[in-house]
Structures are given as C-alpha cells and as structure tokens.
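The chains carry the letters A, B, C and D, assigned in the order they are written, with residues numbered from 1 in each.
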Amino acid sequence: MNTIHTVGSIIAFSLLATGCNNIIEYSPYQSGTGELPQNLNEKTINRLEQESSAKFKSFRIAIIGDSHTYYDDFRDQIKALNAIDSIDFVIHNGDITLSGIHREFMWFNDIVSELKYPMLTIIGNHDFLSNGDLVYQEMFGSLNFTLDYNNCRFVFFDDIIWEKNIEDPDFQWLHQVSQKNDSITHVCVVSHIPPWSDQFSMGNRYLFYKILEDNNVKLSIHGHTHSFFSGYREECEVPFLVSGDATDREIILLEIKQDTLLIDRKSF
Amino acid sequence: MRWIITTIIFFIFWTPNLKAQFVPEGSYKMAGFLERMYEPRKTVISGDTLHYRPRWVFPRHIKVQYAGSVGFISVGAGYHLWDVYEPTLSYGLLNEALGGSNVTVHTISLKNSFFLTQKPWFDHFWPKAGLQINWGNTNNTFSSLPAHYPEKYYFQNKVHAAPFWGGEWYQPLKDKHLTGWGIYFEFSALDAYLLEAIRTDYVTMLDVWSLAVGFTFYFH
Amino acid sequence: MNTIHTVGSIIAFSLLATGCNNIIEYSPYQSGTGELPQNLNEKTINRLEQESSAKFKSFRIAIIGDSHTYYDDFRDQIKALNAIDSIDFVIHNGDITLSGIHREFMWFNDIVSELKYPMLTIIGNHDFLSNGDLVYQEMFGSLNFTLDYNNCRFVFFDDIIWEKNIEDPDFQWLHQVSQKNDSITHVCVVSHIPPWSDQFSMGNRYLFYKILEDNNVKLSIHGHTHSFFSGYREECEVPFLVSGDATDREIILLEIKQDTLLIDRKSF
Amino acid sequence: MRWIITTIIFFIFWTPNLKAQFVPEGSYKMAGFLERMYEPRKTVISGDTLHYRPRWVFPRHIKVQYAGSVGFISVGAGYHLWDVYEPTLSYGLLNEALGGSNVTVHTISLKNSFFLTQKPWFDHFWPKAGLQINWGNTNNTFSSLPAHYPEKYYFQNKVHAAPFWGGEWYQPLKDKHLTGWGIYFEFSALDAYLLEAIRTDYVTMLDVWSLAVGFTFYFH
C-alpha cells in the first residue's frame, strides 16, 4: 500500500502546488465563469467621483499601457507606481492581454491587485481577440465611459475597428460627451489606438481630429504604438500623448494644473 | 471543486486490487453486432477481391471527460494502434448551462495519448502522456487572419497544442459490449501558457496546468 | 464514310454556330488576353474634349447604371438612347457586370457597341470581383479620371472600398481635381457608391460630404442602390442624383445650363 | 485558332480505321514497375491481414488539355470506375507566358466524365459527357465572403460547375506502359453562363460553350 500512497501524494502535491486556482479550466476562451472581479472601472469611478472636489484643483495621474504578457516588467511597473507619492489615479491605455484569453485576464488581475492607487483601463485591440471583449466588459464595465474629477473630464473611448470586423467607433458619443462646456476646466480623451494608425480610414481619422478640435480637447491620450510620443501631429491642433509598452520600463506622470498640463517620464 | 478532486483520488487508490489485463479479448461473449463486425467481408476493386473486417473502422473506445480546457464536458471516440498509441477525437462543449460561460465555445480535440509503461502499476494504473491538439470555435478566433488585416498582424488563435500527462485506473469487465472501463485524470498545459512560463518569471511551470478527469469505455 | 461526315458536320456546325468567338476561353477569370477593346474611356474623353467649346454652352447628357447581366433590358436601354436626339454623351454609373468575369465584359461590350453616342463608365463594386478591376482598366483606362466639357468638369471617382479589402478612396485626388475654380462653370462628381452606403465608414462619409461642399460641387451622381433618387441628404448641402438599374427601364436626362441643372426621367 | 480546330477535326476523322477495344489488358508485355504494382501485397490491421494491390491506387490515365475554361494548359490523372465513370483531377495554369493573361489563374478541376455508349462509334470514337467542377484561384475570388462583408452580399465566385459533352478518338497501342491513347474534344458551359442563357434572350444556348481539346494516355 506504500506505493499507492506515494502516487497519491504526488498527485495531491501537484494539486496543492498549482493552488487549485486555475486548475479547472473549461476553455481558454471562457467568459463570465465568475473567477474574475466585476465592474472594476465602474467601482473606481464611483470612488474617484466621491473623492473629487467640485471646483478645479491641481492633481497628478500616472499613465501606463500595453502591458500584454510582459508580466515581469509589468510587476516592476506596479511596484514603481506604488513607490511614487501622491498619484490621484492611474490610467492603463489598453492591451492588457496578448490574446484576450481568460487566463491572461486572471494574470493581469493578479498583478494589478498589488497596486495601491485606483486604476482605470481602456480596452485595446488585443483585448478583443477570442472572447476578450466579453471578459473585459465583465471585469471592467462599459467600453465607453467618462470620469469627472476635480472639474476635469476624462473621456475613455473604445476606438477598436478591425477586431469588430470594421465597425465605426461611436463618434457621436465621443462628440457628445467631449462637448465644450465652459464649466469644465479640461477635457482629456483616452483611447487605445491613436487616430493616425492604420485601423482608421482616412475619413475616420479626419473626423476624430475634428471632434478633438471642435471640443477644444486639452490632450488626446493613447497607447498601441509601443513607443512614447508627446506633441502635435501635422493634421490636428490638439496635442497627443502616447505611452510605450511595459518593456520600456517607464511611467508617464501627468500634472494637471489650471492653465497647463505637465508631462513627466519616470524610469524604473 | 475540491471535493470532486478528492473523490477522484480516493476512488483511484481504494478500488479493489483486481488482476488487470489491458483490452483482453474473448473473455466474455460479445454482443451480436460486435461479433458480426469481426466477420470478414469482401469487396471487388479492379477485378480483385479485397478482404476486410468492419471492426477495423469501429472505434476501440469512447471517452467522456470533464474540463481540461476543451469544454465543460467532452465526448470522443478513438483507436488503439501499435500497442502504445491511443488517438481520440472529441467534441467539447462549454456554454451557459454547461460550465456557466456567457459565451458558447465548441472545441474539437485530438488527444494523442501514449502508454508510458508496458504493464500497469498496481495491476490497474496506466501512466499516460501525450499531446493534445485543440481547435476552438467561438468569437474572434481565426486560423488565418480575416482579409482586412495586414499580414501577420496577429498569430492564429484558433488551434492550440497542449502536452499532457496523467493516468488511468483500468478495470476489466465481464460484459458483452465492453472489455473494461477506466477512470482517468490528465494535466494539460496550453502552448500559450507554457510560452509565458518560459518567457516570464511571473508565470511558473506550476501555473499552467489544467486538470481533466473522465471515463473511458473499451469495446470488444 | 457517310456517318463520319455526319459527325464531322455536327462538330463543324457547333463551331460555326457559336461563332468561334468566345469558344476558346482559358479561364472565366482571364484578363488582358486581347479580345476586348482598349482604353474606351480615354478615347471618348479625347473625342469629347476636342468637340468641347472653350466657354460654357448648355448641353444634355444621359445617365444610366447598374446594367449587370440584365442584358435584355440593357439592350432596350441602348436602343432607347439611340432614339433620343441630341445627347452629348452618356454616363454609365458602374456595375457593368455581375461577377467581374471576362465574358460579362465581352457581352457588355457587344451590347454597347450599338450605342451611337459616346459613353463614359465608372467602375462599380461588382466589376471588382474576380479579376474584373484588371479587365476594366484594360478596357476603359484609369479608374479615376476627369472630363472637361463645355467649361464643366466631370470628376469620375472610384469609391469602391470593401472589394479592395478596405482601402480608402483617393479623397486627396478628389479634393484636388474638384477644387473650386471660378473659371469652371459647374463641377459634377460621378462615383458608383453613394457616400451614405454601408461601404463608407462614418468618417469617410463625412469627408466625402465635406469635399463636395467645400468645392461647391453642383451635383453628385451615383448608382449602386438600384433605385432612383434625386435631392438632398440631411447631412450634406450638395444635391445627389442616383440612377436605378437597367430593369427600371428608364433613362435619366441631365440638362446642364448656365445657372441650373435640370433632371428628367424618360421611360422606355 | 481556326487551324487548330480544323487540324483536330481532320485528325479525328481520317485516322486509319483500326479495330479498337477499350483498355485491353495483357495484349502486350507490361513494364516492370507496372507489373509489380499488379502483384498482391499484405499489411496487418488489428491482427488481421489485408491483401491489396498497389495498382488500385495508381491512376488509370493521364490527360493533357488545352483551354476549356480551366487554364491555357491543364494536366491531370484519373481512374476508370464502374465501367462508365471516368473521374479526372487536373491542375490548369493560365498566366502571361501560357495564354497571355496579365493575371495568373490556377484552376483545380474535377472532370466527372461518363461513357455514353457501350461500344465506340466507328470502332474508335467514344461519346462522353459529364459535369466538371472548377475551382479557380486568383484575385478577389472567394468560397466564403471575407469577414468585413454583410452576409450574402455576394454569391461565392470561386467554384463553378460546368456540364460538358464531347468525345474521344481512342487508339490502342502495343507498348509496355500504355494500352492506348486518345485525342478528345469537349464543349463545356459554366453555370454562370448557362444561367444567363436561361435568364436572358440576349445570351443564347449557343453563346455559352467553351472548347477543350486534349490527349489521354491509358496505362496498363
């Protein structure tokens, strides 16, 4: 009977070692199976809007993006964020996974749960693969949403096109929620794909620029390109800020003041 | 979950220690339709006579499996070739009712299983290992990119290979259809997970396994 | 030997009956095999620009479209056109074939060769199927081109998108050649797909309207929808004219005057 | 073009009137490799012995064809089954050098040919008819629509069926590889053309035919 117990122990050990956490997986493409937290963005927005002041007040946010499956760099990035004092919240510019499969969302969640600041994410094109868009919505909430904080409006805009088999982003919604409103100090737009990327048709690019300009958007924030960019594009009067990926090992800090936005890059 | 696993482990290690012989033949009277399949048939090709037995094409075994990244439940049938090789083709389903997923996933899987020993351990337990090929059908999975993408924009995400290891507790039966049955477990690791285990420190070799448990029924 | 001659006669008869014209076909998808006329649009433009007057002069054109393989109606349409007096030229709004295969171009050419007026065609989405775009270019010339006639400019614009695997129309060219120019009396744009069709992204639609408006285009002429339309769309200040298909059994006549364009529909 | 057709007609009707027997066997000594293929072989399946002859899978004939809507030139191989049925799978090529098309078209074609008579006319001429399935590979042909189209926006345009009729002048040979050879012509009509012939008065049943001419070589 001794040998039987040995084999039993090996199996039991394997089960314990793997933590029994992800060990029952019905499919890499599963969605809504209850192992993930729900509506993270919505919860963060509620929390931030309660902490927000009614009038403008200077504040500082951190911007990261395109963590994909660069888990080691991403863990260091979360640690580096925790080491920074006084960030009001963190924005992740999308592509939180590589293939949009369930386990990648679990890994992302596991790493991000160490972050001491509130975080908002926008969906990336990779997060749309497999059933990723469904997992994303379960975990974070709506794909288009806004945050009003210290009298500034952040418009989070899903502009993924190809992965929806060529569907237009909801420009009408973007235009509506970004609408120039004298009572709001600054409007910033956050979307994963910058409008000059090849997912945009020439007209959609033109329309995106037009909406940014017409609504006097202060800064248009994106990811997707895997390399940092800050400044103007020839065709648009609104400045852009593009984050690199997790392997760039840097954090973008955005200081939002009454009359200006200050961009700072912090390596770790 | 834990109680299922515990039950299975208990079941595997405490069933009576009967003498086992893998896929014994003729130990019990076969059902008529099986016996008829063993009878030789003839067909004529180009004026020649070809002798064959229908049994050659009828599956050797069927499997019913829970989990293992190929659906909540999967069923399949297969053969036993060259003594050590057991291929099984299965269909797995995951949906709202079966597995509680808000999206339906159909998976076709080819389990290429190999016997690791010449005799079973403790007369009953056959260690096995092999490679599974899983073909998942759901939203936004593709084997070749839709035409509107530039070339190589994404890698295909429909077909995954998954090495696995495990074993089966085999029990012979005196039955006119079945020569025996078995209960098995398998740990499989999807290529995509293995890649992260190799590429990153964060994902370890212990994080990538997916457990399947199931029953096999062996026909005469 | 009599029977042999009978069989021989049958075969010979078959060959003669089929005219030996299309009887050797290498592939329905062939292109450039020399059985079709070449550069028909270019030749027509050269002819019309020679006949054109330097200053504005009123003239009349006929507009048809979407003949596909409605050959019987199309033949009647050509006869009906021949029965009309004093047309300066005919515009075909595209979809001259059903599947873009070689023999359909031959059949089109055979029917159109009976027309006594010069004709210009713009490529349609169906003409892009198989290797139709190559056959089309061999037979007619460039896909984007202009005609200056009696001090009016006609801009023929290829706006097929899906059949090129989502490629933007050449809006820059459109904008450039339609440019408001006080010395030109009227500018008319001709393209197969009207900008409100689903091949257009929201932005491309917006951009098309914008180019029409900014350049003060007099009329935007299209096919594709298989039903007649004349008038304004909510989102654009330039009027549209859309032709039906050959089975509608009508011809659109456009009277171009110094101060106005008159649209008339003639049934046959 | 005309002279090719004239030559073929001349050739078919004025070759000497030899006695013909379709695919005669054993009339001449076979080549070694063919003879060996007729020898029975054995293989073991599930403990049973299966007897077969390699000749069963080696093609009965090959064809080389000019035109016929499946390329400038096409080559194929096939079998002769149930006395009257002759399936041939071919590959046809059309490009700049072969056919003068500025675009390359690869065509895979399955010619399902049936003998229309039990004996040849004039001892040599076998009337045949059947249905061809042509699968054309070139730009903007698809069997299912690319993902960016709405459903049913277009009908598939990659596969076409084409009924055909024609015949072959067969000539037996005393050769160690071949039992005979033939020269054939076929008139085929693509489904798309037939549809227009039915739907419109403009396109008539005489406008839709495409002529193919070719040679067949029959193996022992």
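We adopt the following convention: a contact is a pair of C-beta atoms (placed from the backbone, for glycine too) under 8 Å apart; a residue touches a chain by one contact, two chains touch by 3 or more.
Since the structure is predicted, the reported quantities are computational estimates derived from the model, not experimental observations.
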item: Far-end chain from subunit D, centres as C-alpha averages; value: A
item: Chain centre separation (subunit A, subunit C; CA means) in Å; value: 48
item: Distance between chain centroids, defined by C-alpha means - subunit B, subunit C (Å); value: 60
item: Centre-to-centre distance between subunit D and subunit B (centres being mean Cα positions), rounded to whole Å; value: 43
item: Of all residues in subunit D, the ones touching two or more other chains; value: 146-148
item: Contacts with two or more other chains, residues of subunit C listed in rising order; value: 165-166
item: Overall pattern in which the protein chains touch one another (line/ring/star/complete/other); value: complete
item: In the complex with subunit D, residue positions of subunit A that touch it; value: 165-166
item: Of subunit A, residues touching subunit B in the complex; value: 3-5, 7-8, 11-12, 14-15, 17-20, 22-34, 69-72, 74-75, 98-101, 103, 107, 111, 128-134, 138, 162-163, 165-166, 198
item: Sites on subunit D touched by subunit A in the complex; value: 147-148
item: Subunit D-facing residues of subunit B, complex; value: 40, 45-46, 48, 50-53, 55-56, 146-148
item: Subunit C contact footprint on subunit A (complex, rising order); value: 166, 168, 171, 200-208, 210
